[in-house]
Every structure is written in structure tokens, then in C-alpha cells.
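Common to both upcoming complexes is chain A, partnered first by chain B, then by chain C.
Now for the complex of A and B:
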């Protein structure tokens, strides 16, 4: 009796480790160690925690943008820059059209939407043509579109003096300040401040709204169909689901979420970054959701939340703690190794990743 | 890639029946990318206003600089592993070799040879790691090799930025950062600059031809041609054709694939040393990052695809791609009045070429699959009747 009990406990622990994954466990333990170490090396824990929460709000929706495409079996959305570009078009046009304050944020979302729908449909149509090779092509669709937009930012007839180069009067600047537009509009809404500890309630609520929207969608009839397409396309087709249409819908949703995600990121960051900035933005989002427990063809909202907290926690904590402990700023290198290692781990897992 | 040999010959038989008019269209379809590039170059050259002598000189220099690197891509394609984005690994191994050689102050050709020797064990180690990971990620080799290049870049930075000078002894302050450890952003290779290019160089009407570099490239070409005929080369082609059939024929598929990646990595390392001796300085943290992308784009511009590439593709590609690279910025500046447009344009074209080639490869693969399925269905119907 005693023996079976310990055995089941052991099994349970092993089962837990298996389901959680070794790399994820290491990352979680590493972050925990950072939080425990932080007070001893003189880092202010409340500030660190609020930084982590803040960064969670900036990045959460970008990570959420992975979910629909993973669900429909399109793999990890390395083509996130396409959504980001729609968001940037919305952001710059909103300023160009003269919106200011909180309204400019919502105007940006509204303006970005048609771009996201059009680009997302084209992108979805393309991904339907090349089933099986989505991830590599998504990466390069992202790269091509970013470098194409580099030319467009210079050529499009923007005039707002806050955005164009002062000297020549044309061509957008590389970074555009959002002061007076929508910088911090979500974060400052119902903000709670206790000493050094602050909670950006509005931004959290905005993320929760988006996350709930996706969660609710995945439980509708279309959402269930999307999951079916992802887990077994042949079965889904036999059940009378239009696979291509569902996949297209998921890509459009991912692209739109990418657009909204970058706007939420900008409101926290305070700047619009153009030109080559969106280039590598897909990779942190991809690794965040993987750290959260997703795989190439399975992702939930919980994965998004856990992953973003873990990833952003490491990003915020390592510089301060590492600097104080060994007097070397190795945070950038650690971030690269952790995030890319996580993506590699997910790509090499056979059991859940027979197709991609 | 999948399906038996019989159905494959069936598809080829059907392809032979296509008439002459269709053949011309097929030729256009198969060579879309090179033809597109010839058109771009034909438009840009007159606008850019460069003299032919200048252009030829530049192209010859760039051919010497880049061809070796691009040849490194051929072997993994032969083994059916697609475009090896992990060739960056070899470039990083070469850079580590060059850093040591620069620190030990060994100049000229001996320095280059020593750097190559140093790069071999590092390249082989990285190649084995890369090969093992790619074996675990069969069917998505390209995206995995692409992520590996980022991952190893992190490890490279860890070693070069933090361990060199603190754990790994580095003496000279010209190489080391002032803080006492880590390597400077640029390492001067002035003592090595164009030493290989100048060896045996001849001057034809103002065009400098780096004969020694071309001889080295020719040796590699001959090696690749010879290698294709060896047992190992044949095994690789068999693995590339169909992994299951190769395995049934008694070939150790996993080992063959790892060897192909190791060879590619070592060749890429040599190529990087040739590239950097031409440039004359090493940007420690960025020289390697774009190498894979440019080499792959150049190969694809030459008419190669993800599953088929020849030495001819390499030479055509390196000429067309670099011609575009030279003329695009100044043509862009002349047309739009903004010099940045041309810069962005050539980056855009490089990425677009890779994107188009990948899309064409995937659609072709799907079409073949469905054709094969149709043939199989037809065969089965025939049997039933």
C-alpha cells in the first residue's frame, strides 16, 4: 500500500515533468532563481515585478496572434511582421489624419483592420497553396514585406510634421514619438500605484478582452471547426468542413491580432518603430508561446499567458540581476540562447510535430 | 520525395509527351527567377550610368569573394536537405579561427591556411550538432537550420564576447576590448588583405583577375563533380531522392545526412576565410549574419531550386545577383532621388527571390504529389477492370 502510493507520486512527478517539458522547467526555475536573488543583489523587487507586468501587457497580444494559426494547423506564425505592418499603417495613418489622444489609438485599430484583412487574405491564400511548408515561407513573406515597406515608408506621401524627416519634409522617421497621441493611454487607464509597485489596469483589461475574445471564438462552431482542421485535416474534410476557408480565416485573425498587438506594444513603449524594426519581431513572440507550453500544432490561451510572463520576466530580470552578480551584462546573449533554443526544441519534437 | 520508383518514372514518361510549344513555356516557367533578374539588370544598368569596365571589374572581384561560399550549399541540396541556412555556422567557425590567427599575428597566406585548419574541428563539431538536430526535424530542415543559425549565433557571442580574453587567452589589445575581455567589433585583417587574390593576379585591360582564388574555386568545383560519383556521393543522392528507399537499400540515412551537413559547414568556413581576406577586416558580430541569406539568394537567382542545384547555377547566380547589387542603389537614387531607396530595393529583391523560389518549390512538390496520387488511382482502376 505504502509502496504503490510512492510509486504513483513518482509517476505523477514524472508525468508532470513530461507534460511540462524539461526546457520549460529549466526556464521557470531560472526565473524563480532570479526573483529570489533579486533582493539580495540590491534590485528593487516591486519595480522589477511591475516592469514584468508592463512588458507582459506590451507583448501579450503579439503572442496571442500565434494562437489561431497554430489551431488551424498552419504552424507557428513566423509571418507576424505582415500583421505588424498593417498595424504600423494604421498607426501612421491615424496620426496623419489628425487624431490625437486616446481616440488615435482606436482610430489606428479601425484603420489597420482593412489592411490586416486584405494582407491576411492574400497571405492565407498563399499558405493554402503551399500546405506543409508554411513556416519557412511565412518567415520569408515577413522579411520581404518588411523590406518592401522600407521603400514605402520613404515614398508614401505622408505630411504630418511629427512623423516626417524635418529637413527634407518627406519620408517617415525611423522612430516616431507617440507623446500626445496614444502613448500609455491603456496603461494609465485605472492605473493602480502603490509605492514603486504599479499595475497598468487598462492594458491588462485590453489584453484580457482580446484573450477572452479568442477563447470564446475557439468555443463557437467555427472555432471548433478550426481546431478540427488543425488536428486532422482529412477528418475535417470528411465532416464537411471547408478546410481552405477555415485556414484562411485563421490567418486573417492572426494577422489582425498582430496589427492590434503592435499598437498595444507601441502604446506601452511610447514610440512607433518603422523600417527594419518589425524584422525580427516574430521570433520573441514565437518563443514566448513555446515557452508557455505550446507546440507546433497545439496552443491555448494559458500557454500565451504563462509564456509571455516567463519570457518577459527573463528579459526584464536578467540585465539587473546578472549585472549585479557577475558584473557582466550577458542578458542579450542569454535571451538569444533561451528563445532560439526553445524554438529548436519545439521543431525537433516528433510526437506532436509530424507535420508543420 | 515520397512514393515508389515506378510512379516516378511514370510521371517522367508523361512529361516527355509534352509538345515543343509547351516546352518553351516550361523553360520560361523553370527559369522565371534568372529571367526576371536579367530584365531587372537590363533596366538598371543604363540608368545607373556605370562604365562596362567598372562593372566587369566589380563582378570579377565579387565572384572571387563569394563563389566558394555559395558552393557550400550544393552538397546538402544533393542530400535532399534543402537550402542550408546553417552555413552561417561554418562562417562563425572561420571567424573564431581568424580571431586566433590575428591574435597570434600570423600574416598572409600562412595565416589564412592556419585559420582554415583551426576552423575545421570547430566546423565539424557544429556540423555534427546541426546535422543531428536536422535529423530530428525531418521535413522541416530549412526552418530548423534557419533557427539553428540564430541559436549558434547566441553561443558564438557568448564565447567571443565573454569567454575570449577571460577564459580563452587573447593577448593583443588590438583584438581585445578595452575592458579586458571580449573581442572588438572589428578585427583588422590588413596583413591578410587580398593576399590570396594578389597571388598570381593578372591584369587584363584594367580588370584585375585573382587567378589564385579562381584556382581554389576550380579545385572545389572539381572536387564536387568527383564527389558526386563516389559511393558516398551516390548514397547522398539516393537519400535525397527517397529516404525510405535508400534505407531499404542499406544506406545509413542519418549518418549520410550528417556528413553532408558537416561537409557543407567546413566548405562554408573556408569560403568565409576567402571572403574575409578579400574584405580585409572582420566585423566580429555581424560579418556572418547576412552571409547565408546572400549566398542562398545568389544561388536561387542562378536558377537553382530547393531540391536541384548545379555548379552552373552558382556561377550564373553570383554574376546576376551581384550585378543587381552593384547597379540597384545608384539606379534607385537616379530614379527617385533618394539613395536609400536603392539600398532597400536590393534587400527587398534578395528576400523576394528566396520567397518566390520557396513558393515555387512547395507548389511543385504538391503538384507532383497529386499527380502521383492520380496515377496511382488510375493504376488501381485499371487493375479493377
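Now for the complex of A and C:
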């Protein structure tokens, strides 16, 4: 009796580790260690936790943008910069058109939407042409669109003095302050402040709204079809589903979420970053969702939440804690190791995912 | 003393079972040097299993080995791998080509047995660095090709060759092995034109006259008669006949192939008398389907309302192409009328909307969402096509998945079809083949179609599950009045449950017979246009 019990316990632990994934376990343990260590090296724990929550809010929707494409079998959206560019167009045009305050945030979303729909459709059309190699093509779509926009930011006829280069009076600056526009509009909504500890209620609610939207979508008829297309396209086709159309829809959704995601990021960060900034936005989002336990063809909202907390937690905690311990800036190195390593790990496990 | 008269190859009481499924029972035959032995039988009669045993393939050992003895020149041998078999002088040419496309014929023929030249480097670093003696390769390859009595350029790259030459190259590779005593040819003429096939038959005769024994497996019976000394006919894992070829004819062989003890296993009497003229529910005219390996060329077929129509025929003749083409899964053309309306081809959705349903022969590839739960698998098509199992909100704007209804319908089919699973949420890949097949049926039943295509419903499942699946189909037909078209390679199974059986041969319907017709008639149709 005793024997079987310990055996099952051992099996259960083993099963837990298998399902949870070794890398995720290590990262979670590492993060926990950082939190425990923080007070001892002189970092203020409430501030650190607040920071983590804040960064979660900034990045959550960008990570959420991965979900539709993973569900439809298009893999991880390495072409996220395309959505980000739509968002940036929305942000800059909103300012150019003279919106201010909270209105400018929602104006930016509205303006970004048509761009996301158009760019997403083109991107989706392209991905339908190259089934099987989506992730590689997506990476290059992201990169090339960023480079293209580098030229465009200079050439497009923007005039708002808050955004263009001071001397020449044309071409957008690399970094545009959102002071007076939508900086912190979500975070300050119903904000809870207890000493050093603060909760950006509005931003959390906004993320929750988006996450609920995706969760609900996946429970509808079309959402079910999307999951089935990702799980077995031949099955979906035999069941009368227009596979290309569903994939296209998922890409458009991912792109739109990318646009909204970058706007939410900017409102927390306080600045619009143009030119090469979108270049590096896809990889952290990809690795966050992978740390959250998603695979190349399965992802849930829980994966998004857990992954973003773990990834952003490490990004926030390592500079303060590690720097205090070893007096050296390790945060960037660790962030890169974690994010690239996680992507590598997930890609090597791709075949195990399904299709046996 | 026995060695003098011992035949080259003797098979004694070979038995083989896969997972308790007896596929070979008491196989006995002998083969002398220079003899050609023709092997024929329906698909699944056990021919290829026997050849696998003879060639020492891994599958056999992995599934528990075999019983009985193989004797070569009177000595008992056991082959643990194909290498042992090759060393003992057995060569085999498989149905699929195993050639390297970018190499020349000569290089392929002598692959890994190339004559080598020593050089300074190889003297120092060992013989792995020997260079190849290309001249000698060419000479030996030409020799092997000459032995077949055909003309092939040994310097030609395989890619550029017509199919027939590839086949000859494979045979030449076996012939170039000096120790070759017995050559097994598995349907070598299936891909050849008539002229090439004739050349191949000639070369078989040539080999035999040089003392090489040949086992020749084919569906083209006239070839057997023209080239073989002896004919072995297999059926259901038994050798039913072993006769000299000159004493028999095609009709007889056909009868042996399909004719189970016809008298005592006559298909059961159908309950209703079906003599009354029935209305046609589906009319297929001039259908062609471009399905790889199962090309349909010109099918005209009428399906009567409420019947079970069987479609049989040998593998590769196009019987699988018919449902796949009608349901829009493969490129097709022609005209299909269902219930008075024409159904557009190449559009799965339109077919499903018209209340047709299809259970694919490719269970794992097309039939199932392996990673998803049984609930999803069973409810998905009905949900997508007929908006079942959905709750509508905001005036139908939001169609929410109704998990409870899905659970209920899944449970219903789990009980009805006795699907063995831990729960309705278990993922489909964890089930056994038979239970997966039941899930596929449940998926189609949940659509409540008027017309059901079922393709190879019993392929690869055990006997118990087979009976259950067939009964479920029959019940579905009788109780719900659904017209069923069942495609199967097993004639006997079709005869059990079908009203009429159409036999497909060469991409066309060779004929339609009532299920109670004698099986020789079906056999004749099966081979009628196989040339």
C-alpha cells in the first residue's frame, strides 16, 4: 500500500514535470529565487512587484497576439512587426490629427485597425501560399516591413511639431514622447496605490478584456474551426471548412492584436519608438508564450498569462537583484539567453507536438 | 542423401499471426532451380507477408516471428535480417522503386558493392579511402543488364529513365549479385507498359534458363500463365492451389482466388424483396478523379435510394478515387446528380450541405483530429455544417459552442458503438484503430446524412471491431433509411452487407452484380481490364 502510494506520487511528479516542461520549471524557480533574494540585496520588493505587474500590462497583448495564428496552424507569429507597424501608424496619425489625452489612445486604435486589416490580409495571403514554412517567411516579412517603414517614417508628410525632427521640420523622430497624449491613460484609470505598491487597474482590465475576447472567440463556431484547422487541415477541409479563409482570419486577428498591443505598450512606456524598434518586438513575445507552456501548434490564454508573468518578471527582477549581487549588468544577457533559448527549445520540440 | 534431390527452396508449414490475427496458415511449397513460380491471390491473401518472412524483414521478427521452416538446398535457415537473406542468395525487387534518382543505372546497380582501386592515400588511411573503379562498374553493370536480355544505357541517370527502365535497373541490381539463386519479383509489371512487360517476361524466362529460380507475384494472370512453371494461389492465408501452369487457365485461377467455399457461405438473404424498381438517388456520369494511385478514368454509376451499394476491386484500380472525387477531396470532373440536383465537384462544403457524408479510408490523416477530444471529433462537422451543438446569442451573431450538447451526443455514440475510451474527453490518438474507426463513423452519423460514403471501414482493425462496424452501418441503413455506398478491398465483407456490388477495374466500373452472385463472377470482373 505504502509502496504504491509513493510510486504514484513519484509518477505524478514526473508527469507534472513532463507536462510543465523542464525549462519552464527552471525559469519559474529562478524567478522565485529572485523574489526571495530581492529584500536581502536591498531591493524594494513592493516596487519590484509593481514593476512586474506594469510590464505584464505593457506586453500582455503582444503575447496574446500569438494565439490566433498558433491555433490556425500558422505557427508563431514572427511577423508581429507588421502588426506593430499598423499600431505605430495609428499612433502617429492620431497625434497628427490632433487628438489628445485618453481620446488619442482610442483614436489610435481606430486608425490602426484598417492598416492592420489590409497588412494582415496581404500577410495572410502570403502565408497561405507557403504552407509549412510559415515561421521562416513570417520572420522575413517582419524584418523587411520594418526596413521599409524606416524609409517611410522619413518620407511620409507628418507635420506635428511634437513628432518631426526639430531642425529640418520633416521626418519623424526615433522616439516620440506621449506626454499630453495617452501616456499612462490606462494605468492611471482606477489605479490602486499603497505605499510603494501600485496596481495599474485600467491596464489590467484592458488586457483582461482582450484576453476574454480571444477566449470567447475560441469558444465560438468559427473559433472551433480555427483550432481544427490548426490541428488537422485535411480533417477541416473534409468537414467543409475553407482552410485558407480561416488561416487568413487568424493572421488578420494576430496582426490587429499586434497593433493594439503596441499601443498598450506605448501608453505604459510613455513613448512611441519608431524605425528599428519593432524589429526586436517579436522575439520576446514569442518566447513569453513558449515559456507559458504553449507549443508551436497549441496555445491557451493561460499560457499567455503565465508566460508573460514569468518572462517579464525575469526582465524586471534581474537588473535590480543580479546587479546588486554581482555588480555587473547581467539583465540584458540573461534576457537574451532566456528568450532565444526558449524559442530554440520550442522549435526542437515541434515534431512532438502532434501529427504523429 | 537428401541433398541431391533437395529443392532450392522449400517452405514447410509456415504460420504467421499478427496480434492474434492468423494471416498465414500451413503454407507449403517447393521451388526447384530454374523454375518460375507464379504467386497470385487477392489483396490481403498473405502474399506479401509470406515474402517478408522469406526475405527476413524486421516486421516479422518485431511481431513475434513465424512458425514453420524455410529450407534452402535442404538446409534449414533462419533469416534475422534482409542481409542474411541476401547472403543466402535471395534477391527481392519491391513494388516501390528503391533507386537513387541522381545516380546512373550502373552506380545504382552496384551501390555499396563497387569494385575499388587502391591508392596511396588509402594505403595510408585504410580502405575506406579507396577510389571507385568506374570502368569496372560500367562493365559489371552492363553484364547484369545483358543477362536480362534488354538494352539499357548503364550510364543514364535514373531520373531521366522511363518507368520500365527503372524496373529493369532494379532487377539488374539483384542479378549483379553473384550469389543470387532466387529472385522475388513483387508485382514488377504493375507500372510497365504492355511492351515493357513483355520484355520483362522474356528476361524472366532468360534468368530461369540460367538456373535462377524466380517467384513472380502479379495480378495479371495471363502473365503467370505465359511465364511460370507452377502457379500457387493463395486465399485468406492458405495456399489453395499449387498446380503446373500448363494445366490451368485464367478462369480457374480466378475462381480459386476469390471463390471461398461458395456453397456454405452464401450471403444472407436480404429481408425486404428489392425487386420493386427503386428511384435513383445519386447518378454519377463520366466521373474522372485525379487521385494518386487510385485514378478514376470514366465512371458511370447509379445508386438507388435506400440500398447499400458495395464498390470493390483490386488495389490501385480506382475504387477509392470515386468517393474522394465526389466529395471534393481530390481534383475531379464529370457530373454528379444527387436527389435531382447537380452537385458541384471539388467543393467538400457543397457536398456536405447536400446531406452527403464521407468516412475516409485515411483515418489518421483525414478522418480524425488526433490531438483533440472525442467530443470535438464527433461533433465538429455537424457543428460547422449544420450549426448543431451551438447556442446563439445576440440574435445569432455569436454562435457559442454548447459543451453540454456535445458531451451528450458523444456519450450517446460511445454507448451505441461501444467505443472503448476512458472518457469522452480522451484524445483521439490514444484510441486503438478499431475504436478510431468507430469515432469516424460516429462523426458521420452525427451529421444525420441522407447518403453516406464509407471507404475501407474495416482496414486494419480486428475482427470484433470489424463486425461491430459492419453491423452499425447496416443498422444505420435499415433504421434511418440512409443510402450507403461502401468501398472495400474485401469482397467477402461487401457480400455480407451489400445489396449490389460494383467492381471497379482500370478506373472504370467493370460491372455491377447482386451480392448473391457467385464470387467467380466478381473475380472475373476484377481482372477484366487489368492488362
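Keep this in mind: the second predicted complex is superposed on the first by the 349 of 356 C-alpha atoms of A that agree within 3 Å, B and C clash if a C-alpha of one lies under 4 Å from a C-alpha of the other, contacts with A are read in each partner's own complex, and residues count from 1 in each chain.
Keep in mind that, in the parts below, a residue touches a chain if its C-beta (ideal position, glycine included) is under 8 Å from a C-beta of that chain, and two chains touch if they have at least 3 such contacts.
Worth saying up front: this structure is predicted, and the values here are computed from it rather than measured.
In the superposition on chain A, contact is made by A:341 with chain B only, not with chain C. Of the two partner chains placed around the shared chain by superposition, chain B is the only one that A:283 touches, whereas chain C remains out of contact.
Of the two partner chains placed by superposition, A:167 touches none, neither chain B nor chain C.
By the touch criterion defined above, A:136 lies against chain B but remains apart from chain C after alignment on the C-alpha atoms of chain A.
Within the superposed three-chain arrangement, the count of touched residues of chain A is higher for B, of the candidates chain B and chain C. By the document's definition of touching, neither partner reaches A:194: not chain B, not chain C. Chain A uses residues 353, 355-356 to touch chain B in one structure and chain C in the other.
Only residues 216, 219-225, 227-228, 231-232, 234-235, 237-242, 298, 353-356 of chain A touch chain C when the two sit together in their complex. Partner chain B is touched in their complex by these residues of chain A: 78, 126, 129-133, 135-137, 139-141, 143-144, 147-148, 150-151, 154-155, 171, 283, 328, 330, 332-333, 336-337, 340-341, 343-344, 347-348, 350, 353, 355-356.
Touching chain A in their complex are the following residues of chain C: 327, 329, 348-349, 351-353, 358, 360, 362, 364-372, 376, 380-381, 383-385, 387, 390, 398-401, 429. In the complex of the two chains, the chain B residues touching chain A come out as 133, 136-137, 139-140, 142-144, 146-148, 150-151, 153-155, 157-158, 161-162, 336, 338, 340-341, 344-345, 347-348, 351-352, 354-355, 358-359, 361-363, 365-366.
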